[in-house]
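Every chain is named by a letter (A, B, C, D, E and F) in the order it is written, and numbering of its residues begins at 1.
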Amino acid sequence: MEISARNGIKGTVESVKLGAVMASIKIKVEDPALITAAITKESVEDLEIAVGDEVKAIIKSTEVMVAK
Amino acid sequence: MEISARNGIKGTVESVKLGAVMASIKIKVEDPALITAAITKESVEDLEIAVGDEVKAIIKSTEVMVAK
Amino acid sequence: MEISARNGIKGTVESVKLGAVMASIKIKVEDPALITAAITKESVEDLEIAVGDEVKAIIKSTEVMVAK
Amino acid sequence: MEISARNGIKGTVESVKLGAVMASIKIKVEDPALITAAITKESVEDLEIAVGDEVKAIIKSTEVMVAK
Amino acid sequence: MEISARNGIKGTVESVKLGAVMASIKIKVEDPALITAAITKESVEDLEIAVGDEVKAIIKSTEVMVAK
Amino acid sequence: MEISARNGIKGTVESVKLGAVMASIKIKVEDPALITAAITKESVEDLEIAVGDEVKAIIKSTEVMVAK
């Protein structure tokens, strides 16, 4: 399956921090840039996301703002 | 002012496509990656976003998904 | 690849309406329910989304509100 | 009042999980489908959302992606 | 029905601009502040949103950023 | 830098509630209105957001719904 989200950025999981409901994932996309994803803890567990995993940060284009 | 959005990715505007209400901006972030932002046409006009501009793609972390 | 978005609802594309930048897709998920997705026109073209296609509506859980 | 959000899916609350700030609500929409909503804990308390409640999952169409 | 979205700001519709798929609504919330909503054209037609209407801008708290 | 987000509402931080990953910020925008922002705890710490701070609630227009 392919998703309509326009943005998929490859990287490596650098940290996983779990709360009770939400989780924060840091994805290293290119030294030294980091992308932060706030997703549910459940997703982290279902996908078994762990430090060192090769993942993609997926972002729908309507969620991207532009600063100039 | 600094914004709470965790993700700011520097790049250069590669294309600006205007609709009646919305606009699609392609931002080259590192060859050959592109980030697509769907923002209002009004924002494009107010910030005078044009091809070649150095901009930042800003993304709130709750909008980032992870695929593995 | 599997995505962290918690919600994937199978259905059939009932209509595709293209604007200049955005597109509106109606997905029949169970008679007579319809889910509306506002995605970029570019996604529609890249995925070649057409009436009758079997697709999934994907929704990040932080985007779902609850009314009671 | 009627809301502009295009998508309202009726279902029954199957579980409510509270964190310190956020909460995760599982809504059974049709056996065996479940929709997950990540909303603030405060909303859960204000609307007194509990297992068995008949609710609607409300989703703005710009938040819906399409996978094919 | 009550919605889990934490933010509802009363105001008056000042302008409605229709595109093919999306629409931009300006809501005057307190002189001279304006809130811009980018919603589907279909919503504008279904709710018959017109200049002078008393409406509410509804915003889920996970969509609000803070700048300081 | 200027951001494409159309909505910036000035106010004062009235409360900051921290969870493990997320945080809820109440911003007083005009007596007695409050805007709730659910942002990462990390943002709160990086921007040192505290009660009494003058801040702006920033909202992308595609995240604003209209109720009538």
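The definition used in the following text is that a residue touches a chain if its C-beta (ideal position, glycine included) is under 8 Å from a C-beta of that chain, and two chains touch if they have at least 3 such contacts.
All values derive from a computational prediction rather than experimental measurement.
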item	value
Starting at subunit C, fewest touch steps before arriving at subunit F	2
Most remote chain, CA-based centroid, reference being subunit A	E
Selected from E-F, A-C or B-F, interface repeating C-D by over half of its contact pairs	E-F
Computed distance of Cα centres, subunit D from subunit B, in Å	29
Whole-Å gap between the CA centroids of subunit A and subunit B	18
Centre-of-Cα separation between subunit F and subunit A, whole angstrom	22
Of all residues in subunit C, the ones touching two or more other chains	1-6, 19-22, 24, 36-40, 42-43, 47, 49, 56, 58, 60-63, 65-68
Pairwise touch network: line, ring, star, complete, or other	other
Chain pairs in mutual contact under the definition given at the outset	A-B, A-C, A-D, A-F, B-C, B-E, B-F, C-D, C-E, D-E, D-F, E-F
Subunit A to subunit D touching residues, read off their complex	1-5, 19-22, 40, 42, 60, 62
Touching residues on subunit B, where the partner in the complex is subunit C	17-24, 36, 38, 62-63, 65-68
Contacting residues of subunit E [partner subunit D, same complex]	1-6, 37-40, 42-44, 46-47, 49, 56, 58, 60-62
Of all residues in subunit C, those that touch subunit D in their complex	5-9, 24-25, 27, 30, 33, 35-39, 43, 47-49, 53-68
